[in-house]
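Got a structure for you, questions after.
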Amino acid sequence: MKQVITGICLAASMAMVTAAQADITIGVNVSSTGPAASLGMAEKNAISLGPTVIAGQKVKYVIYDDATDTTNAVQNVKRLISEAKVDVIVGPTTSPTSKAVTDTVAESKTPMIQLSPGITASSDDPKRRWIFNAPPADAVYADALIKHMVKKGIKTVSVIAVDDAYGENCTVAYRKLADQKGIKTLTVEKYKRADTSATAQVLKAMQGNPDAVYIASSGTPGALPHVALIERGYKGKIYQSGGSANAEFLRVGGKALEGSFMLGSPLLAAEQFPDKYPAKKESLEFVKLYEARFGARNFFASLSWNALKIVEAAVPKALKVAKPGTEQFRAALRDAIEGTKGLKGAGTVFTMTKSDHTGINQLGMCVLKIENGKWKLEDHAEF
Amino acid sequence: MIRRGGFMLFLTLLALLPLFSSYYITMGSYIGLYSIVSLGLVLLTGVARLTSFGQAAFMGVAAYTTAILTVKFGCSPWLTLLIAMALTTAIAFLLGAITLRMGGHYLPLATIAWGISLYFLFGTVPALGGSTGISDVSALTFFGRELRDEKLFYYLIWIVCLATLWVSTNLLDSREGRAIRALRGGVSMVESFGASGHRLKNIVFIYSALLACLAGWLYAHMMRFVNPSPFGLSQGIEFLFMIVIGGPFSLWGAIAGAAVITLLKTLLQGILPKLISQTGNFEIIVFGIMTVMVLQWLKGGIWSLVEHRLPPKPAKPVNDTSSLAQRVQPARRESLLKVDGVTKAYGGLLAVKKMSFELSAGEIVGLIGPNGAGKSTMFNLISGELPLTSGKIHFGTENISSLRSPQIARRGLSRTFQHVRLIPGMTVLENVMIGSYLRTRDGLLAAGLRLNQATENQVRAEAARQLRRVGLADSMLIHAGNLSLGKQRIVEIARALCADPLLLLLDEPAAGLRYLEKQELATLLSELREQGLSVLIVEHDMEFLMNLVDRIVVMEFGEKLAEGLPCDIRSNPAVLEAYLGGV
Amino acid sequence: MTQRLLTVRDLNVRYGKVEAVYKASLTVDRGTIVSVIGPNGAGKSTLLNAIMGVQPSRGCVEFCGSDIGRVSIERRVAMGLCLVPETRELFAQMTVEDNLELGAFTCHRRGDKGIRENMKGVYSLFPRLEQRRTQFAGSLSGGERQMLALGRALMSRPTLLMLDEPSLGLAPLIVKEILHTISDLRSTGVSILLIEQNARAALQISDYGYVLENGEIALEGASADLAGNPRVIESYLGMGGV
Amino acid sequence: MDLQTVLILAQDGLTNGAIYLLLAVALILVFGVTRIVLIPQGEFVSYGALTLASLQLGVMPGTVWLLLIMASIAAVMETFRLVSSEAVRQLPVTLATILIPPAAIALLAKMCIPLHLALGWQVLLTMLIVTPIGPLVYRVAFRPLADATVLVLLIAAVAVHFVLVGLGLLFFGAEGVRTPPFSDAHLTLGTLSVSGQSLWVYAASFILISLLAWFFSRTLYGKALRAVAFNRNGARLVGISPHLAGTYSFALAAAIGCLSGVMIAPITTVYYDSGFLIGLKGFIGAIVGGMASYPIAAAGALMVGILESYSSFWLSGYKDVIVFAAIIPILLWRSLMSVHYEEEE
């Protein structure tokens, strides 16, 4: 019995020793399967375009999939922290998974750039101190949406939201602003990603003839109610939330999408932006890289790409303080990320502050119109 | 010794695991949680032959109950545990009450539906946090100290897990537990000893739901965050895979399964993306294939491979000191059973037509007739397994025509079966102990906490006494399946005797027995009569009955053909015609 | 000239640890009726089930000169072996005609198109079935069910028909009718292996008989000889023993 | 809610209900014949839709690979079985029947894909590809379990469901598809406009149900399947092999599932895992029918469709909760109706 115990202790100490190397390790946890797979897959693709060397240090990526499951997400993040000893985490994809790992990340004092909007983090909250967001906050979306609606003279809106965290968050952010601006919400209808029909929801939404219908969904599921609206002869305006901004959506939705509006990253119509748009060069660069490898450009891919950009910019500052793989390095990296200023990414410009860990303003947002199966720039913020 | 050593080694490993990285603690905690759920599922699936895909949903009920009550109302987590358990019991009881009377596949189908609707409900109701979930669930407190350290939580989970293992083991080895294990011999067998099959099934289902509830409650306080995704149907299915792969017939199989699936999942998530260029939760393909393969080739799961190599568990000693209370046998010649104009119709077909006969205390009566004459139907009418169409049956002075078999059993009627119904995997002694179901009162709580040892000893002693009475003292600790048919029939008689009956009903006890075995059986029955027992035997072997019984009732075409002393019956021309036939 | 149709040698059947049939050997010649009699529980049904392949067994079963020990039930049916079990196993929720038609399933698979004619033959044998053509099998009386079971078996054009207690539970008059029919079948070229508790009747219509007791063949001989054997008669009233 | 809305909702519910009806019928068929609760039924639906979508994009559908892989596994299992039962002589014929049809179908698909055939031909090709997967699933997963209890078969069915969903993701990816409708025509009845695709669904369901009714009541093979469902022993004694019946019933189930998938693909977006929920709604119909009665199950399935449609309108967020919770009163009703039922092993 004694020998066994000694053996186990030995093995344990061996396991402890192996993890010490000086490379920068970036842990990635995305939902490349499960309900959020279409988002996670693109995010994972973009990671493979990330830098292999930052400031002379080799970069090692450790990538896990959480299958859009919170239990898995926590497990993966713990694994990244304690086994891979990562310096920074990119991910998770969805807001429930992000929420689930919040405690773990805070306790381990590891900076994390999450790819879901959900939680807006700041240094004031000890738990969310270590968390940064790569996508614009829901409020930024809602702001652009409402502005455009006001411009078009829309007074009444029905919302059709997919029944998941994304749909929920979009709806909440939208309603907050809409109430302020005097836009009346007639009804909020929900449907499931795998539903075979959204006719009933559409009929309900069309009651009272709203000026516009706002569809809040991510990925291809947004097409189902959209098509049903057209089939039922809805003549008003249709807005799609930013989550549907990918080529697959255009393919699945087909003709029905013509003339509808969509919130999205400037990335999607980067070529159409005037040259004075600050992040135009960076956006086009990413589009070129990504489209060469993976086909059509993707907003979600740009999130993880931007997250890596933020890390790339922050690492040199942190290296001055400590060596990668140490707690000091992680703390320094966190501070450096918080100090990000005017960093140009794909389709946005980041300026973080202590109270704002998102760092994206209206520069990272535009309204697009779908014409001939393509995105046409409809409206953008002043710059 | 090996068993004990293995267990100690297991405990040591558990205790030392937190020395490794925090990741191993998480894995260990998950394995512990899943083991708790799987333990319940083993009882449900492996022992009671029912199953549920809704265990994850029961976890969800508890997790959400505690999350809401602690976050929104500031309740103590210990109070919420009680509330969650009450809620779980209510839901499980309802589901069980609705489905358990029907075929075995209705419960799992209902749990699929309920698992899905609950999952969607969690995701939809705004008060439950919607799909985003509820964060900042309060930590558990022990004597005013918050349990936030994951190492401590890991130990807590495993203490709970080992405790449930202990309780489950105790339960299986108790009065109710034996009856539950006996369910696989058919509900009618268990009911003939006064247990209600429906109630037993419901108990197992509720118990397994409660274990899931406990795990869910722990989960919520460990993660301190709940959202619908871990409580979906696929998690419920994964639990089932755990026990199928781990081994559904052993409690340790649950822990083995939980460990194997959890570890394998992690391993596969590392390996599969390298093999398949795409990412995806492709481990489900592997789990599915593994499950089908285990079902096809290794019914006992992984644990059966281990169990195979272990020495058998030592038998508990029989200490024959105290005894169970016994009924007073009625005086001889007193009327014990009176069948009065009983008819049983199946649709238009009359299986039994206006049968009437009587049996007095201390008598052996034979009910004979050619095959298909309606003897077995008559028998099942008396024992209450079939309802009568018309007529009356009196047991003693009481009319039992409308009672069901457990109620009739309670009044002192014990039976054997035409096709022997012993549980092959239980020892002869344990099989006989099932017979005493109605003679003790031990509840589930006492059984689970091992407070039932005094009565258990009594029951064991009583079963041993009955086995000695029928001359099977040497075979007590053998598995019942290893006995010859003749001995199995005698074990059935011992089991019936263990219920301390006033009347013993034997259904074709001599069928398939060798000549010598028949003689031994006849001797045994004569002896029992000497001891004051009354017996009704359904048989078609006249030779066997001739020198044994006091009176014979002959049936043909569902009707009484003749009744009288054996010697008269033998020369009755109508009986001869019925048996020999002619063209 | 006789020809061996079925040869069973040293057949053993076990239920768990119990030997239900022990070293049973019997033969059936083409164009004969052979009966197996014996008390209940002697293993008669088990024997037939084993020959049919319903029950796993050890030993040798040869049919039409080939070993059929590992052949599936369905193939045995296709080879011309047919069993009418004690429980009849009719399709109660289907009509009489459907039952008969399904009896010819293997013939149909072989490409035999003579189902209609076959059915006519059965109807002429049991005119009562024709009257009840469209009734559900479950609504028939006991005797009619037995006729249907026999008729269904004949639809497959069997070479050897095995009947398990064809008189079971039937009124004497109907028993007589059915046994006559069985006896007539011989002339159509069907051989029959018959199991009966009704020993006298069975021995009357059969050519050769076996007595099965406790899973073993205790006696065999020409039916006429067996019928006269006092031991045989006695054993049914329980005086014989082994 | 005005009359028009009522009508549109009813029509929408009926369209989905017609699909559930087909699935319920297939489920009852398979359960009756093999005692398998066919949880993976839904996967044939998504396979059908996704295969058709791949053909339209001119890509080799992943189901063809699945077909070939399954056939190879079946061939290995069959070889093993025949060798161990000393029946090697049957091996060449058996292997040929297992391997040649899938290979031929794969070859056909390869030849047809570059031709960009008309929709009708593509549907036919889809059916040809997906249908044989059914019998192969039966051969590989269930046939060795033929003597197992309903419970074990159910667990195996769930495992197969997992495998098929996982393979669906592997072969088709996570994105959804939508195929062009069979016809763009609209039928206008008063104020109610019915889409051409809905009419296709009604027509196809009706034809399929009629065909099935004819098959079961008029053909010998149909009767043989029913006979196996009623009485397995009796069926064996007249020479109907339960394995053969299992194979046929799985083929029918796969064909029905595939056709359902092809028909809904233009109405909705189909994902690799969409089939499961659709299949389960068919299940509720089947349970209404006690897993035995076709007409009651059909009524139940239509009821599920309608309930779904109206609850989507009134309480869209709770639609699935309502639909799946409806099973509880249904089971209660069945439980009260059923006489004491006991399953002996």
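Should a chain be cited, it is by its letter among A, B, C and D, assigned in written order, with residues numbered from 1 in that chain.
As a convention for this text, a residue touches a chain if its C-beta (ideal position, glycine included) is under 8 Å from a C-beta of that chain, and two chains touch if they have at least 3 such contacts.
What you see is a predicted model, and the numbers here were worked out from it, not measured in a lab.
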Distance in touch steps, counted as few as possible, from chain B out to chain C: 1
Farthest chain relative to chain B (centres taken as mean CA coordinates): A
Chain whose Cα centroid lies nearest the overall Cα centroid: D
Chains most often in contact, by C-beta pairs: B-D
For chain A paired with chain D, centre-to-centre distance based on mean C-alpha positions, whole Å: 37
For chain A paired with chain B, centre-to-centre distance based on mean C-alpha positions, whole Å: 52
Whole-Å gap separating chain A and chain C, where each centre is the average of the chain's CA atoms: 76
For chain D, residues that touch 2 or more chains besides their own: 169, 174, 277, 317, 320
Set of chain B residues in contact with two or more other chains: 120, 124, 280-281
Contacts with 2+ other chains: residues of chain A: 33, 37, 41, 163, 190, 192
Interchain contacts, given as pairs of chains that touch: A-B, A-D, B-C, B-D, C-D
Chain C partner contacts - residues on chain D that touch it in the complex: 85-87, 220, 223-224, 226-227, 230-231, 233-241, 244
Parts of chain A lying in touch with chain B, wherever the complex brings them together: 1, 4-5, 8-9, 12, 15-16, 32-34, 37, 41, 44, 63-65, 67-71, 74-75, 78-79, 81-83, 95-96, 99-100, 102-103, 108, 118, 163-165, 167-169, 190, 192
Residues of chain B that touch chain A when the two form their complex: 8-9, 12-13, 16, 19-23, 26-27, 30, 120, 123-124, 130-133, 135, 223-225, 227, 229-230, 266, 269, 273, 279-281
Touch list for chain A against partner chain D, complex: 33, 37-38, 41, 163, 189-201, 203-204, 207, 219-221, 223-224, 227, 231-232, 248, 252-254
Interfacial residue positions of chain B with respect to chain C in the complex: 349, 370-373, 424, 481-485, 508, 510-515, 540-546, 557, 570, 576, 579-583
